[in-house]
Amino acid sequence: MIATKAIENGAEYIASLRGRNLKVYFLGDRIAEPVDHPVIRPSINAVARTYDLAVEQPELATAWSSLSKRRVNRFLHVTESVEDVVSQNRMQRKLGQLTGTCFQRCVGMDAINSLFSVSFDMDAQHGTGYHSLFRDFIIRMQEANYVIGGAMTDPKGDRSKAPADQTDPDLFVRIVERRADGIVIRGAKMHQTGCLNSHWIVVMPTMRLREADRDYAVCAAIPVDDPGLTFIYGRQSCDTRALEGGEIDQGNAQFSGQEAMILIDDVFIPNHLVFMDGQTEYAAMLVERFTAYHRRSYVCKTGLGDVIIGAAALIADYNGVASASHIKDKLVEMAHLNETIYGAGIAASHESQPTPAGNYQPDDLLANVCKHNVTRFPYELARLAQDIAGGLVATLPSEKDFDNPETGPLLRKYLKGREGVSVEHRARVLRLIENMTLGRNAVGYLTESMHGAGSPQAQRIQIARQMNIEQKKELAKKLAGIRD
Amino acid sequence: MIATKAIENGAEYIASLRGRNLKVYFLGDRIAEPVDHPVIRPSINAVARTYDLAVEQPELATAWSSLSKRRVNRFLHVTESVEDVVSQNRMQRKLGQLTGTCFQRCVGMDAINSLFSVSFDMDAQHGTGYHSLFRDFIIRMQEANYVIGGAMTDPKGDRSKAPADQTDPDLFVRIVERRADGIVIRGAKMHQTGCLNSHWIVVMPTMRLREADRDYAVCAAIPVDDPGLTFIYGRQSCDTRALEGGEIDQGNAQFSGQEAMILIDDVFIPNHLVFMDGQTEYAAMLVERFTAYHRRSYVCKTGLGDVIIGAAALIADYNGVASASHIKDKLVEMAHLNETIYGAGIAASHESQPTPAGNYQPDDLLANVCKHNVTRFPYELARLAQDIAGGLVATLPSEKDFDNPETGPLLRKYLKGREGVSVEHRARVLRLIENMTLGRNAVGYLTESMHGAGSPQAQRIQIARQMNIEQKKELAKKLAGIRD
Amino acid sequence: MIATKAIENGAEYIASLRGRNLKVYFLGDRIAEPVDHPVIRPSINAVARTYDLAVEQPELATAWSSLSKRRVNRFLHVTESVEDVVSQNRMQRKLGQLTGTCFQRCVGMDAINSLFSVSFDMDAQHGTGYHSLFRDFIIRMQEANYVIGGAMTDPKGDRSKAPADQTDPDLFVRIVERRADGIVIRGAKMHQTGCLNSHWIVVMPTMRLREADRDYAVCAAIPVDDPGLTFIYGRQSCDTRALEGGEIDQGNAQFSGQEAMILIDDVFIPNHLVFMDGQTEYAAMLVERFTAYHRRSYVCKTGLGDVIIGAAALIADYNGVASASHIKDKLVEMAHLNETIYGAGIAASHESQPTPAGNYQPDDLLANVCKHNVTRFPYELARLAQDIAGGLVATLPSEKDFDNPETGPLLRKYLKGREGVSVEHRARVLRLIENMTLGRNAVGYLTESMHGAGSPQAQRIQIARQMNIEQKKELAKKLAGIRD
Amino acid sequence: MIATKAIENGAEYIASLRGRNLKVYFLGDRIAEPVDHPVIRPSINAVARTYDLAVEQPELATAWSSLSKRRVNRFLHVTESVEDVVSQNRMQRKLGQLTGTCFQRCVGMDAINSLFSVSFDMDAQHGTGYHSLFRDFIIRMQEANYVIGGAMTDPKGDRSKAPADQTDPDLFVRIVERRADGIVIRGAKMHQTGCLNSHWIVVMPTMRLREADRDYAVCAAIPVDDPGLTFIYGRQSCDTRALEGGEIDQGNAQFSGQEAMILIDDVFIPNHLVFMDGQTEYAAMLVERFTAYHRRSYVCKTGLGDVIIGAAALIADYNGVASASHIKDKLVEMAHLNETIYGAGIAASHESQPTPAGNYQPDDLLANVCKHNVTRFPYELARLAQDIAGGLVATLPSEKDFDNPETGPLLRKYLKGREGVSVEHRARVLRLIENMTLGRNAVGYLTESMHGAGSPQAQRIQIARQMNIEQKKELAKKLAGIRD
């Protein structure tokens, strides 16, 4: 994919996605033009919002890159300071607030930042040349202002077996052929956030590898419109409401997330786009650095949290119960939990350390703590939002019943709440709460909070590794007067 | 509605619902025959299951009634012993297990049991004749084996104002005319569970009333096919998947709950079907007795809990991680929380006391404690089920993509898990978990658990009333050596 | 120990403990007469309260025994009906309310009830004669109205090794000699509740045994004044405040619990007091039946919960903040958690089933659920009580500073709260809260709630066994449309 | 108090406290020399540790002050950068690890940092000269290397009344006389941490004041040995174990916290030590700035958390169960909660902003979130520590029973755990866990975590103020498509 000129805003970004002839399947059909598909479009809008924010608030959503010597979108920026890492979190929260969903670019941002330092370390030890190839790739991306998607999660097959031991060797992405000018890879990547809204994807291994898994130790960049790629779009709760015509029942008609399976059918990748080939011992390091970045990127969910707290406060207001002490107390609890997530996330960023490659790596322990809270607290915020909303959040008749001349007037008469509040406004905020707690963006706010960047147990394993239990035992021994 | 012969099973029940020419609206259209509507039918199936259970396990789902001198469906039975109250809970859990959703008959059961004793008390104090009219009504229902729906929740309008003080007097159901032979009522009832699957509904006041609210103090029975009734069907998350043709994506294709608004447009009710007219001081008593019954009826959710625990165990098994210690521990936690709900509920039933009317009333405090846990624990079970399920629960492609000849084979290749487990089975259990945590039956398992039988704060108010704080202070004083 | 006449009340009980010449050690000294020791006496008072309650409320605290054909103290009663099991819980809650501590007789009650049925089953299978010996023993106890202590927990040594595999074979109580007329046992029992306040103790195995552990499969009764027994009294937080002279700083000056180690130094037991000798396969059954009883016996802690809720309400009142919404809400939460424990416990009792021996055995799953909540909720009640109490609960000067002529007036001036509340009363309730959250009875309310009747993991293992996961998986399969 | 030379280490600090002839009362007696009192000494040791840390790790525990142009103890340092605020947290955690208790100097540090900026703002608005007087005072303190205690909490009397409206006007500290050369104050301060271990205390108002409360708007410095001060030492759980002779039963024999009441009996303060006199409108600002500092200072409890996690890991190890999955999982949970506190605290520090006076003020919202978690998580860590410890944590016989020739050998035989672990070591770690969960340092780890720096509701009020609910409502409106 060759850019003639850099993409400058959301509209140009959307235009850039057209006519790529991607093989995208959804609900059993191949989608002619994803950009125009009502179910897919909101996820494109969410990415477009990241371009527009860069225009509106360049200090927040862009940074000056010493690589390409220009201001670049922060999602394409390789961090050059602690403040750069912190600014990612501030931008993520803002975009969560603006879209109420997953805006899909963090995987790519976190992938390039981790591969930047890991490729450096590989070269340093093995004399490979990955790092400068990778820098060149990043510079091109920055110049064109492209979206990079990160692709990490393999299907994994039988989870008790390593990649090379699976009955079907394709259940982890692998190199099936090595040629002089490049490699051929095959496999699939699961749950890929924002992949078909990207211009390029960077493939990475998903876990610690053994020597025997050499063909699985591969990092490489692929243009999204490579004909060897097929995308099967994941269903989301209530996804087809976008096909019904109205906008109220969607809750958040403008924005949504996206997750798809990518099938990789023997795609050739030229050498200059290959950033790891066989260095199995770096797979775990890459995963750890990526997840340290990505787990504190879930600070984005505090932006969604701000929306759901606001929605809960709004419906309480519309219902005429905003001053009830239990309502106020629940809103405080929601804010407290939301900020607890934010605290650990931004602390991880503030505590970043430089890598040998020169970029900055967030604190691993705090990043895991942040994400682990994300697997718990959004569910509690959602529960409290439903509590405050009242039962109507799940029993409200459809938008079309409001439009029907028989039922519309009845609904407007009987669903009248506090004086001065329109029934439509009440319906809209109820649908937004439904959207984030049961509907389409509940996938992003809840399930993705659970499993994105690793499921809860993955964080617990990492916390166990980082918690320095032996030092803690020494502290206790000293105070207890135990001398070995 | 006159029964020629008693309904004997689920099939006859379904047949009995046909041709009633109900005014039912959904998605903007009047539904010609609800029985045949794919979105509505699963909710009818759930009620039908209650009839079939009565055939299969009569000791559990029927009882001998001294009113009609016959064995009757337990949902129509006025309790005659503590064991009768306890058996309701056992039947409720069983039906939750069999349907994975709300089977919609508890409101009616709890309504007749509370009105039975309250009508007795009204008569005793005021010399009214409600109780014998009500007994006659119940006997007729038992003879016909009809479904009775209870209708309590009014729209309420501005929640800071009492019924008679609302700008629009219709925002609580009220008597608009008193005639020699009966009354005429008007208003609406919200969130009515199973109403259009019923044959009769019993209207009741929704809260404590003042003397000035006399026209709102009304209890009466109405046949569901009364032409003055209009039903607007509430939307549920993912409801339209039932219109898509397949069955996998529905998660639970056979069963669902139902909530609708009932609009009551000047319906005449003859005197023999009126069981309260103006006795405002009994409104609170009725609500309290009803909620004592109904809040421990939420033991039904432990049946759904059994299903979601089973589904989580199944997907863990299919994913090949059933023996991981953290998985086993999460399943134990789910069971522990589920049984905690059950414990408080069935304890409330076991501690029932006879009323002056002779039926049995469950323990109010424990019933409220049961329901209050129901507003919390199912959300945690849902969270844990999503944790165990893995991200695929929210990113799985559609059933139709499995059927498509391009994508089907790819999905079957790459979604292969543990040896011996079919990809379709894996998809089915994932969709069931989606159904109960985000989809259609999440409405019943989560949101209805929150708000049905009263929102959390309603239980807290009742717990505050019942907790006997003064006696507890005396206990503390005695032990602290405080003598006033 | 031969009773000349039955003990009739608390005073006679206390008298019966005198002059037994027990070998009791505490704080490094042998205690001449435990009855008169200020630290030990409150634990004796707590047991005495069980006698007095039997006099005051015989319907609650006594039962007619078909064994000895008389009304007996309920703690000595072998259950003859479901209501008998339920009544134990009612009595336990009442005694928790009256004493604010562990009244120490449940272990014995639960031991005799489980050994009653297990001895019957052993005889049925093996033709041993334990059951009638055991009935004779119980009848004698009932006639004398004695206190029986149960002794189950062995030291266990290296927890990764079975009894017979320990380096020191005495780390589980064992038979060291078998004679014609009886057996000789040796070992120790840990954390024995109320042991030296008992007249007899019944020794039981602590866990599942293998064939090789045959000498450890022993049940037998020993009089507490057997010269082969030594008791080492466990320290409790703040225990020595009872030695300081005043009563306020103790918080609860009258009552406390008791846990001691019992050292068994080659004690001979005549055959008629031996109820198991070598039947290793019954050890696990005995433990399970005992814990089913004993885990729902922890309903006693809801009685302590009533006290701590009352104390929290009282201090809020004294501090002048009783009407603050957050205070009221916290009290409701405390009551809700307390009743949640009660619900599961009494449900386990209500769901009791008869054993082949004819007594009644509570529901195992619900009993474990009850206890598991006891390992959590009292800690949260304690936390909330400290929250409501204010910081003074941990910074209040001593009783003696109130008595000092220099500081007393200053304290009374500056610790004045709401008008009409004496500073002394405020101090007393603060000390009671300290007593139950940090002090002496925090051992009973918190730590014993954690570990008594088995630590949390023991309940989880039992819940896992009882949760019937396979049946739950079948429910899920059916609804998901999975046909194997 | 005039320093001849700066205090250089812990030993000199302890020496500096001698011979001050303070009026200190404890257990009804005036204490001749607090430095030598076994109950008080551990709290002095904890402060001494702050001096020694400054020697051992000057980069952590000292800072270069532009006020006194020298390196000063960090507790006396007015922050000059964000990193200075962050470094406080790092030092606090370290000292929590080293002492396992409250080291008592944060109140003073946070007081001087908040008064530094508030005095500046007062001068800027009113032309008062407080700021330069305050700088002079701080410089003197830095030169002498003194301990400053902060004194904020008044007795408050009837909490529904403002200071000037109390029946007894002394229930808040107030100016009773204004002279040409200074003021005279009277009243008391409650729960004063470390006060008699300080050289000076700074008195401050405790809450928002009205114009009518002018005499209560007073900030001033007083030497601790002013004869008008009386200290009544607060009792702590198990405090008198320090009088028993041994060290094991104390759990942590070397360190403890300290809280006392300070009675102020008409103390004269010369003008140069008065930093607020009547500026009622600054009382709330001072409290808010102080609590923003102080609530994130509770990061210290993560140092105690490290100790209790280490103690739990150690006892698991000694008990031979360190590899049990539930044990490992509980340790991870403890670490996760502990780091969650740390994350919010250090984030508040990292997000500090400069004040007009030039020092740095932490983020108010995150500081409150940090402290609010501190009111919850240490209780859960304590609960889990008791869970892991086993019942022996509350039933272990006394140290003296180990020394007794009769019982010592029995205890050593029967309390033997895993091979290679001495019984004494096992006892020591159990006593440390008791110390932190029930005993002396449970006051610091639990109750002080609850109420220090404001009780939970105080944080909720502040979170409500800071959560910016109106902006959140706008976010929700925008996404829901609501246009007013």
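Each chain carries a letter (A, B, C and D) given by its place in the written order, and its residues are counted from 1.
By definition in this document, a residue touches a chain if its C-beta (ideal position, glycine included) is under 8 Å from a C-beta of that chain, and two chains touch if they have at least 3 such contacts.
The structure presented is a predicted model; accordingly, all values stated were derived computationally and were not measured.
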- Item | Chain pair showing more contacts of the two, B-D and A-D | A-D
- Equivalent interface to B-C, which of A-D, A-B or A-C, with over half of contact pairs matching by residue number? A-D
- Taking each chain's centre as the mean position of its Cα atoms, how many Å separate subunit A from subunit D? 41
- Mean-CA-position distance for subunit D and subunit B (Å): 52
- Return the residues of subunit D touching two or more other chains; collapse runs of consecutive numbers into ranges. 326, 329, 460
- Item | Residue numbers on subunit B that touch subunit A, as the complex places them | 25-30, 153, 155, 157-160, 167-168, 170-171, 188, 190-191, 230, 232-238, 240-241, 244, 249, 259-261, 263, 319-321, 324, 326, 375-376, 379-380, 382-383, 386-387, 390-401, 403-404, 406-407, 410-411, 413-419, 434, 438-439, 442-443, 446-448, 450-452, 455-457, 460
- Query: Residues of subunit C touching subunit A in their complex?
  - Reply: 325-326, 329
- Query: In the complex of these two chains, what residues of subunit C are touching subunit B?
  - Reply: 86, 97-100, 247-248, 251-255, 306-311, 313-314, 317, 328-329, 331-332, 335-336, 339-340, 342-348, 350-351, 365-366, 369-370, 372-373, 425, 428-429, 431-432, 460, 463-464, 467, 469, 471-477, 479-482
